[in-house]
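Should a chain be cited, it is by its letter among A, B and C, assigned in written order, with residues numbered from 1 in that chain.
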């Protein structure tokens, strides 16, 4: 098959770009080595949580400040109105998960360590954990589930600096015998999908929670049934219930990936996992075909445009070898954010500023990777997500926001000004 | 009697523990003082090779004889710490194959069993080893788990009435006239200071032995030889593979628990507490690894660490640390400086730690008036009573009956929740790093990326620490772990480290924990 | 190669994504999951005997490897560990039997009526379950009585046309020869001459049952049959996705066969739908399709997804007027070749398939499409819905069931009806 666009990478940035392109009529192929980092990250959209050491209250107000101090930041290539449009579009596409929040004010959601963390958007099953208004909270653990420790969450929140006072406590429940042993979040979520775990949970909580307490549960309320289970639980308990992100894998992240993938399939896109994009056949500064290794060997997919959303070091989009050389692993693109020395030396303290933290590709305003002179490497190659240099998203709390914004912006850059003619299959 | 594990944490941790254990076994009232945690010194940082003696057969025959004798003893008395991997000496294209003849001759002369095998047979046993090797020899090398060894000694000593004081620093030795009569000690955790009275003090402070001796106005010339090691993610070899040549840097690659370790380097350092890992030394080990196992540089390095050998020089100066004998030295300060009740045992190597303890306690017996026989060559260490040699599959086999019956907290090292909780209670510790040395928590590929959050939560839930304490030990652990990881960070381990950054900073937001 | 598969465990960052997708560990605590058994347990496997028999509960579906974002060859590590386990313990008789479809096929074909009666007789199956260990309810196909090979020998294709080699696999040969004839008919309709070399089992069932030495023998024998055609530059197509994948990749990656002939065959292998879609990409596929006003759910089997070729069946069937295919989003039907036949694994296999069964049923269609034969049998077993290879829909869309071109379609096919 010939495709208009091949998207490399099935994480949030890749899925966002692919969906935007597909719904605008492009025939899209997503190739990825496996599923994306959506499965690891909480499903919140973190646009900007920290500027240096300062907590960000309003991403809308702080993103321009960030751009002025970090001109290479990916947000520098996404106009403010497009950032807003991309989030609105994202909320529409993920209506099944009911994202709440906006760019003007960050929510403050508790992490699994009990740290209030800023996020612009969160699925409604999580947004009820917003700590800003204060109040009383109970955090509910499940015996046998090692990725969520309510006592530590509650104790830390009681010591946290928050705009309004809160009072948090912990509660541990023993799951029914069918769900004992070494439980993963995925397995518990499966229990909410297929068994009557909700009856058990609602029953177990009913008499043990005060009417004015909000109930924080680990984000395992079902995979396919997650949002419905959450709604049902609030209804039955007549109390505010919210999910708290656990250690990876992230059940809300899988829900998000499923919603986007399913929308993609409906829009006619094809997702192929377990394959590796390894390069391009290019001519005249354009990529004519993307080369992909599958079970047999290397095949070429002719394309009009390409979106590179292969992730950073954590996802294998970037690699550092034992001799100290850093490379972009698909197209061998030029990188920024590399140390000036010939050899990378990491700083001796973990929380020090580390080399390679901002490594990645630099782009023009159409999100096309550029070389040192600022010219696009390929006219029709765009990049999105964690492969982009200039940011330290895990510190800024800007990872998912960057993925949505740049994934959307890369798609828009392909769609406008005018879609290029579809090339014929050449294999 | 008093065994000092000294001012600093000591290189020969188990040696001193064994002194303690040996002394306790002989019925002496014994106390051991260690400035940091047990196994945090040189023993806990050695490469893990239980020498057959082959390595010293040509150059240091007396060390070779000691090694093979101790090797045979430890397989019985410390069986739970020993894995019978076997050893292989190979002549790579960079080594003179004729050295093999000297090697065989040296082994014959020192009683180290050695057998030349065809290269094809060696490659069948170790398919990853450089196919260009020209000769291969089998020897009874084995892997020795240093942490298990230390804990085995500690438990044995305690079972025989010894007291062990980790995290206690020796501030001074008490000298009464011409006799050491005790020590002035401070707890590094609680801060309280107290005095310990003893008839005999054994200085087993390894590379720090000189510093301890000074407290009694004695002189011990110990130089610190830093050795660097890198743990690789899984077993690239199943036997202890040595280069068949005169001992040099980076010529040993051996399986140790689930990892394999390449070692070592050897550089004099002026201060045993200053062991900065240099990039050149990392590269040297990686390059030497590449010679032994082609593709080594693409394999995943987990972490690097340095240990400090105590190199005793009594008289003549030596230029190269490798030329210092690896036999130990027992110094009776009454004959040397006229200070009675004070012995220093230093030099040596982990393989001969038991022998060193025997010698030291024998000497102590003399001072205490009457030899009590040493039993450490016969009595098994705690944990080794069944004489069952350790096998790599032990932890996997233990989980096998019902793999999901309970939470596995550290998945890389297969540590269960009850195992973790029991250890926390038994050793009464609140430090995740201590738990690491006890259980190997967070020693696997993810280097704590997943289990450290869980373990901190469990520590806190069990009431061992308050929230601030849990947060602090979590942050301390991240810092401590980084020390070993950052020097080798590349390839798959950088990918892991970045995922761990996302977990700790992106998801859990540890930077903003209330501490 | 041995070390390359094991070395891939170095890429594991413990993210656990594989375990969120493993269909088996979600339904039974007996299998601790692909990460546990794969890259994690592999670090505990030394030169000694394997300590973990739970690896035998891995069904070998291969989903873990497909979804792993870090190129860890999880299923392959597990497969090798399983082989090592059985190497030490000896492969049980039951597994030896069900892993040899050619032997079963040769025994059953001459006595098809009797064999089929026995295969579907409750009392006999009860006895088989207790004596042999094959679950009494496990889906069993019926012997066709005449093999596809014997039919193909009599078939005369168009002379002078470009040739394509057909690797049909055991399922087609002994149980579904009609599918083979449809494959031939569709290829001939597109102007090919179809060569059907004599052929045997690819060794996949032996491999998944842990008998690597025997599996290697079968692969080599098959490669010997196919390689002259590959040398002649002919494409080889297969309608059995799992057997095709065996030749494309697994014989090399899992069995560790390093062989130029295998490499050549592997490079010449195409999944049937992949091949037809390539024709279409080149503008060479006939598109004289008739309307098929039907709605059919399509399940891409795990092994099909392992090819990494997308879902060419859907792309092809999209060309058929009025045919509406529903792409099901379920990972596994549970059968995993011979896994679901075993008495101790049947329940697991059915629990794995439950979601797929529900989704198939929910479409309300009385026909489902799926590329792999054992998966089709499982779907039918779990839902009562007839399940066909996509080629059957193409065959019908081309109107080949209504044509009577002498020599190209056997008489049976003219009466073969696609229901729905």
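A few comments on the model shown:
The criterion applied here is as follows: a contact is a pair of C-beta atoms (placed from the backbone, for glycine too) under 8 Å apart; a residue touches a chain by one contact, two chains touch by 3 or more.
In this text the structure is predicted, and so the values were computed from the model without any measurement.
Using mean Cα coordinates as chain centres, the one most removed from chain A is B. Chain A has the Cα centre that lies closest to the mean of all protein Cα atoms in view. Per-chain Cα centroids separate chain A from chain C by 35 Å.
Chain A and chain B have CA centres that are 43 Å apart. A separation of 52 Å divides the Cα centre of chain B from that of chain C.
Shown for chain B are the residues in touch with two or more other chains, namely 402-404, 450, 495, 499.
Residue positions of chain C touching 2 or more other chains: 13, 15, 29, 32, 70. Multi-chain contact residues of chain A, defined as those touching 2 or more other chains: 37, 40, 181-182, 248, 314-316.
Residues of chain C touching chain A in their complex: 13, 15-17, 19-21, 25-26, 29, 32-33, 65-71, 245, 248-249, 266-267, 269, 277-278, 281-282, 305-312, 315, 327, 329. In the complex of the two chains, the chain A residues touching chain C come out as 1-2, 29, 32-37, 39-40, 181-182, 184, 186-187, 190, 248-249, 254, 258, 261-262, 265, 270, 272-276, 292-297, 299, 314-316, 425, 427.
By the touch criterion stated above, chain B contacts chain C in their complex at residues 127-128, 233-235, 238, 255, 258-259, 295, 299-300, 391-397, 399-400, 402-404, 411-412, 414, 444-446, 449-450, 492, 495-496, 499.
Those residues of chain A that touch chain B in the complex are listed here as 37, 40-42, 46, 55, 111-117, 144-147, 149, 151-152, 155-156, 158-161, 181-183, 245, 247-248, 312-316, 319-324, 343-351, 356, 393-395, 397, 399. For chain B in complex with chain A, the touching residues are 279, 286, 297-298, 301, 402-409, 417, 450, 453-454, 456-458, 460-461, 466-468, 470-471, 478-479, 481-483, 486-487, 489-491, 494-495, 498-499, 501-503, 505-514.
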